[in-house]
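One structure, as structure tokens, below. Some questions next.
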Amino acid sequence: MNIRARITGAFLATVLSTTAFNGAFAADDTIKVGILHSLSGTMAISETTLKDAMLMLIDEQNKKGGLLGKKLEAVVVDPASDWPLFAEKARELVSVDKVSAVFGCWTSVSRKSVLPVFEELNSILFYPVQYEGEESQRNVFYTGAAPNQQAVPAVDYLMENESVERWVLAGTDYVYPRTTNKILEAYLISKGVKPEDIMINYTPFGHSDWQTIVSDIKKFGSAGKKTAVVSTINGDANVPFYKELANQGVKAEDIPVVAFSVGEEELAGLDTTPLVGHLAAWNYFQSVDTPANAEFIKTWKAYTKNDKRVTNDPMEAHYIGFNMWLKAVEKAGTTDTDAVLDAMIGVSVPNLSGGYSTMMPNHHITKPVLIGEIQSDGQFETVWETPGLVVGDEWSDYLPDSKDLIADWRAPMSCGNFNVATGKCGGKGS
Amino acid sequence: MNQTISQTKPKSLLYLDGVSVSFDGFKALNSLSFVIEPGELRAIIGPNGAGKTTMMDIITGKTRPDEGQVFFKGDIDLTQRDEAEIANLGIGRKFQKPTVFESHTIWDNLELALNRRRGVFPTLFYRLTADDRARIEEILSTVRLSARRDDLAANLSHGQKQWLEIGMLLAQEPELLLVDEPVAGMTDAETAETAVLLKEIARTRSVVVVEHDMGFIRELGVKVTCLAEGSVLAEGSIDFVSSDAKVIENYLGR
Amino acid sequence: MITSFLFKNLDRGIIVVVAILLGLAVAIPALNLLTAPDHPFHVPTYLVSLFGKYLTYALLALALDLVWGFCGILSLGHAAFFALGGYAMGMYLMRQIGARGSYGNPLLPDFMVFLNWKELPWFWQGFDMFWFAALMVVLVPGLLAFVFGWFAFRSRVNGVYLSIITQAMTYALLLAFFRNDMGFGGNNGLTDFKDILGFNIQAQTTRAALFAASAVTLASCLVLTTAIVRSKYGKVLVAVRDAESRTRFLGYRVEHIKLFAFTVSAMMAGIAGALYVPQVGIINPGEFEPGNSIEVVIWTAVGGRGTLIGPIVGAILVNGGKSIFTAAFPEFWLFALGGLFVFVTLFLPKGVVGTVSAYLARRKAQGRAADADKLVAEPMAAE
Amino acid sequence: MYRILQTLLITLCLLVSVHVTGLRAADDLAALVATLGTAKLSELDDRIDALARSGDARVIPVLEALGEGNLYTRKADGSVFLTTEKGASLVLLDPLSGAEIGEAAKGDIQKIKVNNSVRRAVRSALSGLTLFSTDTSARLKAAQSMRQTPNADALEAIETALAAEKDATVRKTLDEARAVTLLISDRSDDDKRAAIKTLAESGGREALGVLTSALSSADASLKPDIEAALQQIEQAQVFWNAGQNVWYGLSLGSVLLLAAIGLAITFGVMGIINMAHGEMVMLGAYTTFIVQDVIRTSYPVLFDWSLAIALPLAFLVTGIIGLAIERSVIRFLYGRPLETLLATWGISLILQQSVRSIFGPTNREVGNPSWMAGAFELGGLTITWNRMWIIVFALAVFAALLFLLKRTSMGLKMRAVTQNRRMASSMGIRTPLVDALTFALGSGIAGMAGVALSQIDNVSPNLGQGYIIDSFMVVVFGGVGNLWGTLVGAFSLGILNKFLEPYAGAVLGKILVLVLIILFIQKKPRGLFALKGRAVEA
């Protein structure tokens, strides 16, 4: 017998048995919650915070006595910013660790990668990040903003309050900016903006040399019309972008930049003094002055033992999503997926900006939209707010192919892409 | 001189005329010309940097000359061909440092060197025939390595590696063999045996030997060409060359 | 026939590995499908896919070993061939979705509808047929490797320079596939697959079948590479690795020798990618990441380059470790992984398999112990 | 004589008017300021306007504070204060006199909210008020602001200021501001024609913008003039654009050079495929962060010196880490370059994760010292200070390294060891020490590069990953083992990239550059400045 072969066999056997028995020994006196956020790799920069936030929420809930009389137990894995690994880890969480729900993902591609897993194994995912929409899946709850909860109101604000006539839509070349810009372009043209007054620019991930593009923006902005930049630039590339803006002297008073992916966390890496007045659109700012938020920030700082840790919008989304899930499980009296899925729709919990967010039948939630200006202390000052709550619109009304689609997961329709023109559900389960 | 050389071109085996090459301004060869006849055993001597190795590089296609002509068998222009083509034309080369395939057995080294079709597919579907086997056995005994055929070449002594390399060149069945310092690092006994071996080989083909060891060259007893600063200094019998004043000054005298 | 003792030994090892692979191809699907979930020998579907993925990685590592371990070409772009094979398969799977996409467009994949494309680009034609896609799985990476290798080997780009330009190649492809204008789904890549050859891709039986297909493919490729490596051509490959100019002066056209191995290796990598995609359910430009190619090199090194079993063992070891550690120590697994690479290069330069087989050979035949070392001699010794 | 008289007269008038209004409106002013506290965001513009019209210099600090978001109002009564921090509470100052008038807890008072339109109003109000300031830079700022946001009402004030101005730069700016303002005023067409001419001569994008917007509203008779001026400016811009691309290329090249130069030592000279090189750069950037953090909390006055302090520290920190890596791992791997790739890749994973564990995964803030912030105009070029200093720094590092290698005995030993280890060792050079120091030098230089890169990029654990591939491309493109090759390689790739970017876009441009590198290596398999001859082949 060959030792090499023996070792190979032994290894396979070990992996097999250890992982298989993991599942067999799953304790029954706790309810497990999966946390699927990258702790290493390129996305760790954004996602690690969300892991901490979830751990805190679970911790707090356990202090309040857990759920259905059981303690909650967090299961943390590291999908390492590797998209196929997201699918593998999701599968592991659901089928090996037997978690009742998973909170996780940041990028669209990671969500796309795990969708089939949740569908196949019939489990629940809470997705906390603003995204491009064009999706509604039975097993996923979207607690971040859809484009109509962020992008469109921001553009409205700039048109009305800053009388902007010329638009630069700058983004990283991936689906979220592409879609958002497509929606915005259609929206702007419907509002009478001329196509030549719209400049669209895409850059690669992690782009760090912004000299040419900032100078192009300045050039575009010197045509005698008030110009604004709508930025869907992704996380990492923002710091060098803002540094270049500041250095080339693009002031918010002249060419304001409104961003959809820049929050408190991103600004923590920047000296914001030269950026005062640039804008961001979110559904939550740390500076929101409500008792619930003050409490949340206090708990967060205590939990992380760091007085400088900031809070941000996706954290609030997890806060809302987690509380909704708790409520739905209590309502259903079980963590059984189908029962919870039914119970979720219509659940309403307080958000951190002083109102209530409700889970709609399309698995998106209602949120207020806030426009904030960057302050010199790295926080946002809310300068405008939608008068009421905005319902997340999964299929955009401004895209020709999706304007006829709606999602409604209540029986009897129970469909994620119902075509109101043809009266048919487009594809079962997609 | 050029005129006499060009007359010899058609019947010569190897013909170099006015070959020059320089590296970063350093002239390694300076209008070098000489001729090797079929069946000739020629020794080449010269101080370090005289251009001996560069000359071999030019003949085997490793280096392209800046100017000058190099012809094989009268009309084959070697400057237009690469190493593999030149090797397949029948020019074999032994390196200064013995270079054998250390992770192959002695047998495999010879099998690889054997003059058979060398394309991807012929080698992929190659089967060892009785003829080939006999040929390898023969070479093994010629280079006195029969007993170690299954050993890895890496485990041979320095002298044995030199012999293996010579054996590989024999397997290649070249018409012209270029041998760079074959006895460097050998014991006296090995040196003497190598001289016998080379003379044996030269019976069936032309051989050019580059060597420092004057004793060895004397033992070979052949025509000697002395190179210095990239061109021919003197040519003739060993006694004639070693009494040449320029050679003494440039090489032997030092 | 004269074959050295060691080769005989290795051949036996390969027979054993092939047998194990074929055994697994039967046993794992059987244990998954035929036993009840609470049976002690039941293999959960989750593990079937996971092991299937490891096997495709093993195939990729084997492909790399053919060029690196045996020919000394350190390609830092092998993940590119893997990804191209994966994309070819992904395109087939996308076309299989048909009208079941979110927008219900019978012809265009969702992401094209999304980006307002009106018709299918020319390079998507034909991918609705499996045979065509299967052909592309080997042809596209093969052709890229052939063209790339043709230029690089002819110009005698060697060693580190070659490694760096293969890295440039995969990096350029990464950036290109990220572009939404390319028509390959941009950053999201291709996903949301439904069927393969008419079978539901999420079905337990399909997964088991895919696992079996991976195991059988790996076994066949192992046999194929063994045949290549054991042939005279294989000896020439090693000769090129150890003493390139010697080989050239013997009259071998080194560029052709290298080109063939490089192309075959790329095709194998493409097949690995094609088997990988339906099992993980997504292919996206992240697979072109230069870091991925480096990881393949590391699997091979950990297992033992220049041995055929080594890369297979290495790929399974490292990825198995990654699966376990990312769950067990999510915060610290990178320390373990990084430490492993340092450890292996410092203390196991021949890799796990190389070290074990050298040790075995020493014990079994002490007189010939020294030879055993050279079985996995340093490929870089010459150049 | 006449001019002096005129100036005197104007000054006198101004003084008198300020004095008179001052007497009359001391109370009015305080009342006006007080209204800021209770105004809604939409009403603020009018209040600011009213304050500006008072023309009182005491308004300036109030407006400045408002614009910067430093003006507070007491929640209880809506009165308005400037504040300074004092422990947990704030000291309240009277906005007009600056006198201390008490203290308040932070919760009791609140910032007066401003937005961009308020800031714009503040800016234009301030420019009117500071146009006659005695401080040249304040006048320049005012003039620039007026040029940027022209206001027809201010035309006469500009002309008055222009007549009195002595400083050439301010004069030029004022002149342009006057032209811009004149274009939107109701002056005669001849005056406007002259203004168009002034603008055409001054050139630049701002003039382009002003003229373009004037084109739509101008009289038909003026249009040909404007169009001609536009054409003239655009022609000049073509030239400046090319210049701008070269500058951007140089700047990108300098970043590439900085990133690659340490690698040119560890990889180029020593032959180690150092995948942990990027992490050395990252550690240098984190050193800068720590230095700035200490300075910020303990010695804020030193902030402008933070980079100067960070540089040697970064060199030391990364140099020592490099030394440790060499001693513990790399020294066992000499002669096996491809294995160094594996080991250093492992090290890079460990370093990244260590930084992530210690500093957290998020970006850390590294600020620009004042001398690295902002930009200046050079002809039609906008040159940002940070980019310029980085170019200077990159070249300085390069020169120092060249000097070290070519002119010092340490450099001689380094070259000797890397070229022929055995020979060097037999000549009595302690090769292990030289190896260790060479690797430490390469790492230390990477760390210094990190200090510079922290000024333009994210300081996050991923920082190094972004540069490692580019660095290898630069070194290989330039020719391994040749510092000059690295220099030329970095700048040519930088400039090539920047010339491709406007046509092909950032992504395609980068792909093209990579393809060109691949093709180039076919042509010159050993890079731009390859070593030739037999030595290389051995």
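We just call them A, B, C and D in the order they show up, numbering each chain from 1.
Note that a residue touches a chain if its C-beta (ideal position, glycine included) is under 8 Å from a C-beta of that chain, and two chains touch if they have at least 3 such contacts.
This is a predicted model, so every value here is computed, not measured.
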Chain whose mean Cα position lies farthest from chain A: B
Quick check: more C-beta contact pairs at B-C or at A-C? A-C
How far is the middle of chain B from the middle of chain C, if each middle is the mean of its Cα atoms, in Å? 43
With chain centres defined as C-alpha means, what is the inter-centre distance between chain B and chain D in Å? 65
Taking the mean of the CA coordinates per chain, how far is chain A from chain C in Å? 34
Here the gap between chain A and chain B, centre to centre from mean Cα coordinates and rounded to Å, is 72
Check: chain D positions touching at least 2 other chains come out as 352-353, 465, 507, 510
Multi-chain contacts in chain B, i.e. residues touching at least two other chains, fall at none
Chain A touches at least 2 other chains through residues 39-40, 173, 202, 204
Mind listing the chain A positions that touch chain C in their complex? 1-5, 7-9, 11-12, 15-16, 18-20, 23, 39-40, 76-80, 82-85, 87-89, 91-92, 95-96, 107-109, 112-113, 115-117, 119-120, 134-135, 173-175, 178-179, 182, 202, 204-205, 399-402, 405, 416-417, 419, 424, 426-428, 430
Which residues, counting only chain A, touch chain D once they are in their complex? 39-42, 44-46, 48-49, 161-162, 173, 201-204, 206-209, 211-213, 215-216, 218-219, 221-225, 236, 239-240, 243-244, 246-249, 252-254, 256, 265-266, 268-271, 274, 276-277, 373, 375-376, 378, 381, 383
Chain C to chain B touching residues, read off their complex: 1-2, 4-5, 228, 231-233, 235-236, 238-239, 242-243, 245-254, 256-257, 260, 370-371, 374-375, 377, 381
Residues of chain C defined as touching chain D within the complex: 74, 148, 151-152, 154-161, 163-165, 167-169, 171-172, 175-176, 178-179, 245, 290-291, 294, 297-298, 301, 331-332, 334-335, 337-342, 344-346, 349, 378, 380
For chain D, which residues are in contact with chain C within the complex? 273, 275, 329, 332-333, 336-343, 345-350, 352-354, 357, 465, 469, 472-473, 476, 480, 507-508, 510-511, 514-515, 517-519, 521-523, 525-527, 537
